[in-house]
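Okay, so chain A shows up in both of these, paired with chain B first and chain C after.
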Partner chain A sequence: MNRIRASVKPGGAGAAPAEAPGLLRVEDLRTVIPSRRGPIFAVDGVSLKVDGGQTLGVVGESGSGKSMLIRSITGLLPAGGIQRSGSVRYEGHELLDLDRARLGAFWGVELGMIAQDPMTSLNPVRRVGAQITEPLRQHLGRSRRQARDEALGLLRMVGIPDPERRLVEYPHQLSGGMRQRVLIAAALAARPRMLFADEPTTALDVTVQAQILNLLRRIQREMRMAMVLVTHDLGVVATCTDQVAVMYAGQIVETAPTAVLFDRMYMPYTRALFASTPRLADPPHTRLAVIPGRPPDLAVPSGGCRFAPRCAYARDKCQAETPPLAKADEHGHLYRCWFPLTGRAPADPGQREPAAVHAAADRIGATKEDG
Partner chain B sequence: MSTDVLPTTRPAGASAGKPRTYTLRARRPYGLWIASAWVLLLVGCAVAADVLPLADPAKPVGRARQVPFHSLAPDQILGTDTYGRSVLSRVIFGARTDLLVTLCACAFGAVLGCLLGLLAGFVKGWADRAVSFLIDTLLALPPIILLIAIATILRPSTWTLTFGLTLLTVPAFARLERGAALSWAERPFVLAARSYGASGLRIAFRQILPNSLLTVITFVPTVIAGLIVAEGSLGFLGLGIPPPAASWGTMIADGRASLRIAPHEVLVPAAVVFLTVLALNTLGEKVRDRLEIRSRTG
Partner chain C sequence: MAGSGTSHLRDGDDVLLRAERVVVEYPMRGSRQRVRAVSDVSLDIGRGETLGLVGESGCGKSTIGRAILQLPRPNAGSVHYDGVELTALSGRRLRAYRRDIQMVFQDPLSSLNPRQQIGEILADPLRVWKHGTPAERERLVADTLEVVGLDPSATLTRRPHQFSGGQCQRISIARCLVLRPGLLICDEPVSALDVSVQAQVLNLLEDMKARYGLSLLFIAHDLAVVKNISDRVAVMYLGKLCEVGAPEKLYQRPAHPYTDLLLRSIPEPDPSRPLPDADLTAGELPSPADPPSGCRFRTRCPRATQLCAEEEPVMRELGVDHHVACHHPLPTSAVPAAAPTPERTPA
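Entry: the complex of A and B
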C-alpha cells in the first residue's frame, strides 16, 4: 500500500497535485447480484467521472441502486457471487482487475467511505480511540503514541469537544451526531483522496445533518478531496455538489452540473423527485406531490424506459424502446428520455424548483456548525 | 410506590376493602447470590486446600466408615471412607482436581473451538465445510465411548482426562462461535472496518471475535457443569484420575462398594457434584439474562 501511496502522492498529502482531471472514471459499470428469482441488475451500465476536489451527488429513491453503485465502484461488496463488468479507473488503476488484497490497499488510503448508519457502524465493544487509530497504525505505520495524537487531532477537526475523554469511551456513550463525527474521523484518518459518503446524514436530526454536511464540505476543501455524496435530500444536492447524477432502477437517468440541472430538468423522473420534496415556501398543509407506484423489480428486465410505468408523460414508444442517454444543448447535461420536458417552468402548477433550492439551501446554510 | 390498577374491574363488594396495590420492585436475585456464594466457596477451598488445616487426603485419619458429624473434629466432620481417610479433605482436594481439569478442558476447548468457529464463520466456503465436517464427526461419536476409548488408549492420568474433556467441548464452542461469527460478520461496522482498509485477520480478531466472546463467555459455566458430570462418570468407570488422588468421580466409585453400610461415602461427593452443577447452571443462566439485556440495549 505504501507503493501505491508513493506513486500517486509524491510529497505526501499536502503537496498532492491539485484538481487532477478525471480522478475517478467509471465506464459502463454493471453489477449483477444472483438471487433465487434470477439475476438482479443492481447497477446497469453506469458511466461517470469525478475530478479531483469535485463533489458528485447521486440521488434517487430507495432501491434505485445508489448504495450498490458506490459499493460496486469501491469493490466493498457483500459476499455471494456478485459479478461486475465495465471499467472503474482510479488514477489509472483499473479497480475491477485488482484482487482482494491489492484492492484492500486502496481502501482507507485512497478510497474512503463514510458509513450510512452511525448507530451500527461502530464496533460496540471497542473504544472510539482504537477504531480511529487502527487505519493510522495499519496504513501510515504510526506508533501507538503518534496515532493517538493524530486521532485527537482528527476528533478536534470533526468538532468533538473534549476529545481526550471521547477517545477512551465506547460508542454507546456517544450520541448519534457524535458517532457520525467519529465515523467521519475514522474514514478520514488515512487521508483518502476520494471520499464516498453513503447518505451520511439520514440517521441524524435535521440540525445535526446540517452540521455534518458543513463539516464534510469544510474538510473536503481543506483536504482537497473528491467526494461522491449519495443522498435523497435535494437540498443537500443543491448546496454541496458540483455535479448531480439522478439514478433510477440501476441506471443514471439524468446528469448535469448542479446549477444546470436545477435550471433545466428534462427527465420527468428528476422533476417528480424534486416535486416530492417538502419546501418551507409551501403554505401549511400543502399536499406533497408523490410519484405513484414503486421502483421496478430489477430481477425482471423490461424493454423500454424503466420509468415509463410511473411516468405521467409516457407514450407507446416509452414502453417499447429503451431511451439512450442523450446529450442536451448545455455542456455536460445528459438525460435518458424520449420526450424530454421543455421550458424552465415546471410542468404542473405548484412546483417551484428555484424556491425549493433556495429554501433547502437556506436550511443547510442557516444552521452553523457548533464546533 | 403503589399504583391502583384498573379500579373499574374490582367487584362491587370489594370496594369497601383495601384497594389492591402493586409494588413495582425488581425481584432480588437470591438464586444468583446463593449460586455465586457456593461457587466462590468451592473455588476458595480448592485454591487454599494446602493452607487450610486439612488432613492429607491420601492418609487415614481415624477409624474407617465413620458417619458424618460423629465427631466435630474438622478432619472427621463429614466422616471417613473405607480406608479411614477424611471425606471433607478428599472432597476439597477432589474439588481442586475437578475444577482444574474442567477449567483447563473448558479453556483449551474454548480457544480451539473459537478459532475453528471463527475460521468457519468468517472464511466460509471450504473452511466452513471442513470445520463443519469435523464438528459433525466429533458429535456423532457418543461422548462416553469417546472418553473410554481415549482413557484406554492413553494411560489414565490428569492430562489424558483433560484431553478427553477438551475434545468434548470443542464442537460446542466451535458451533457457537461459527454462528456468532456468521451473524457479526454482516454488521455494518465490519463493512466500515473493511472500508478503512483493515485486513481479513484484523477484522476477524478485532471486530468479530471480541463481539462474539460475550456469547462464548456466557456459555462457559454451563460447559463446566457438563464437564464435572462427565468427569464424574469417567471416575465412576475407573477411567478418571488414578488413585490415590481424590476426585469427586473416583470418590463415588470408591464408595460404591460400601453403599449400604456407609452411604455417606457416595452421598457427600454426589451432593457436592449436584450442588455445584446446579450452581453453575443457575449462574450461567443469570449471566446470560443480564448480558443479553445489555447487548440488546448497547
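Entry: the complex of A and C
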C-alpha cells in the first residue's frame, strides 16, 4: 500500500473533468528522429485513448511505426536528439514533461512493458528471481523475503512449473516460452495499471501463445489493467482487443471498436492487410491478395495520402491532398481516406475483391516492389 | 503420434520422394547421450504435390527436411528420390541428385552472400554444374529473375542488402529454380516476412510449382499458411509423425488430439469468436532427450490412457487420404470434432 504512486499523484481523483479522460490519453503525438537523410517522422500526429480494463490493439506492417508509438508514449527512446511533441496524459499527468527520474516513479506500479524479444529484455547475467523481485522491492518496498514469496506466486501464476528452481536459474537456462513468461511475470510484478505489450506472443508456438493470451486476459480482468497490444496477428487482434488502431507510415489510418472494424473497413489499406492473411477457414490454394510496393520512406515527406502509391483505388485527389482522419457513421470509427470502401469486410474469399484486381496487384507488386 | 508406421505411404510412379523410417540423432553437448530429433518418421511426396509439414519448434520438422537432402545423412531409414535410394548413394553419385533437390531457408538475407551481386549469386549454381556457355547462363539468370517478378536490369548488379526481405526471398527462390529442380524444400520460407509480403511469396511458390511442375516440402509452424499452400499435410510432434491427410480432412476433422490442440489454439480473425482456452500448466514440451514412453504426446493429451504409456501407436488409415497414429483418435465421421471429451463417467 505504500506505493510510490501516491507521492507522484498530487491532485488525486479530485479534479475529474467533464468528459471521461481515459486512463491514457495521447493527443497529436509526434516523434522526429534525426538522420543523415533528414528528419524521420516516425510517429506523425497520433491521438488515442485507453480506459482502465480496456485493450487497444495496434496493427500494421513492419516500419509502420507501431513500436515507435509505444516507445514514444513511454519515453523509452534511444538517446540521440529524438524530439517528441504533443501530449501523453496518464491519469492527468503529462508524461512528456517528466524527466527520466520522475518518469521512473511511474514504471512498475503504473506502467509495465513487455518487449518483443524475451532474450534481450532479460538481463542475461542476473538470476530470474532477482529480475522479478527488483520491482517488488524498489517500487513496493517489500522485504527480501516478501519479495521472494511474491515472485514465487507470480511464476506460478504465469504457469511456470517448479518455480523454486526457476528463481535461481539464469535466462539462458529457460526455453523461449519460459523466458517470455518470466518477462510477463516481471512486468506484472508491481501490478501496473497500464501495460504496453509489443508483440508479446509473436516468438511463441500457438499452444503457448494461447496460454499467454489467456493469462493476460485473466490478469486484466482481475486488476482492471489497461493494455496497448502491438501485434500483426489478426486473430490476436480479433479475440483480445476492444479497440483497434491500424497504423501506416507513422499515422493511424483507421480506428474503430474491434467488432466494428472487422465488420466494416473503409480504408483500402486495412482491407488489403486483412485480405493478405491466410485463413484457416479458406480452402487450400486460395489466392491471397497482395499489397503491391513497400511502405513509404518516412524521411521524404509526401503530399497526399501516404498509401496512395500502393492503393488499387487511388485517384488524382489522393496524390494531391492529404486526407484527414474522418468520422464514420458508427460511433468511434475513424478513417483516413478520400474514397472510403463501402460494403462489408472480406470475411470469406467469395466476398473478397474480384480476382482481376488481385492479378493486377500481383503484377504491380512484382515489378514495382523495387524500392 | 506420436508413433511410427508406414501405412500412410503410397506406392506407384507418382511418388517422387519416399522417406521411410528415418531416424536422425544428434550428440548432446557435455554428455554421452544422444537426442533423437527425428525418430522413425516416414513420409512421401507425390509428383507435383506440396506436402506441408507442421509442428511446434523443436519437433524435428527442419531436421527431416535436411535428412532428405542427406545433410547430414539419417542415422537409420531410407530416402528414395525418383526411385533411387539416396541413402545408399555415395560421393559423386549422390552429388548428382543434390541438383534436383533445392532448399529455401527462413532468413532470406542471411542465406545470400552479402558480398556477391545478385547476378553472381544466381549464376553460381549454374557454373558449378557447368551448365551451358556464359552467355546462356546469363540469359537463364535474367529469365529466371523475370519469372520470380524482379526486373533483371535493376537487380543483377546489386547486392542482397539493397533488397527487402520479400525480394531477397524471391532471389533465393530464383537461385533454386535456375537448376530446374524436381523438389523444393522450403523451411519456414515466409515466417520472417510481413503478412503482405508473405502473401506475395506464397503466391509465387504456387505459380512456380505450376510453371515448373515442382514438388514442394513446405515446413512451417503456421497452420493457416500450411493449409493455404498444401495438397497434403503432416503433423509432427517431438520427433514423430501424428497425423497425415488431405488438408480439408485434417483441418475440419482432426483425428489426433495434438492436431486438434494446435487448431484450437489459433485465435480466429473473428471478434465474435472467443479467445481459445488453454490450460496453463499442460503446455510444456517434454525434452526430446528423454521422451515419454509409448505415445509421446500422452503427457499433454486429454484422452491419454494406460495403453498410451505402454504402447507406441502405429499409423493407421481412418479413411481415404487420412491417417493417424493414435490409440484414441477423435471421431472423424459424423459431427465435426467437438471439444475433446475425455471419457467422463457420470458421478
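As a convention for this text, the second predicted complex is superposed on the first by the 324 of 371 C-alpha atoms of A that agree within 3 Å, B and C clash if a C-alpha of one lies under 4 Å from a C-alpha of the other, contacts with A are read in each partner's own complex, and residues count from 1 in each chain.
Just so it is clear, contacts are C-beta pairs under 8 Å (C-beta built on N, C-alpha and C of every residue); 3 or more make two chains touch, one makes a residue touch a chain.
Because the structure is predicted, anything quoted here is derived from the model rather than measured.
Taken together in the superposed arrangement on chain A, chain B and chain C fit without clashing.
Greater residue coverage of chain A by touch, when chain B is weighed against chain C, goes to C. Once the two complexes are overlaid on the shared chain, A:237 sits against chain C while remaining clear of chain B. Of the two partner chains, chain B is the only one that A:105 touches; chain C does not reach it. Look at A:143: by the touch rule set out above, it reaches neither chain B nor chain C.
Judged by the touch definition given at the top, the superposed model places A:273 against chain C, while chain B stays out of reach. After overlaying the two complexes on the shared chain, residue contacts for A:83 are found with neither chain B nor chain C. In the superposition on chain A, contact of A:35 is made with neither chain B nor chain C. After the two structures are overlaid on chain A, the closest C-alpha atoms of chain B and chain C sit 5 Å apart.
Counting contacts as defined above, no chain A residue meets chain B in one complex and chain C in the other. Put simply, chain A touches chain C in their complex at residues 61-62, 158-159, 161, 175-177, 205-211, 213-215, 217, 232-240, 258-259, 262, 272-274, 276-291, 294, 347, 362, 365-367, 369-371. Interface of chain C with chain A (complex): residues 56-57, 149-151, 154-155, 164, 166-167, 194-196, 198-200, 202-203, 206, 221-225, 227-231, 247-248, 251, 261-281, 283-285.
Interface of chain A with chain B (complex): residues 1, 74, 76, 79, 104-109, 111-113, 115-117, 120-126, 134-135, 138-139, 172, 183, 186-187, 189-190. Contact residues of chain B toward chain A in the complex are 124, 187-189, 191-199, 202, 206-207, 210-211, 214, 298.
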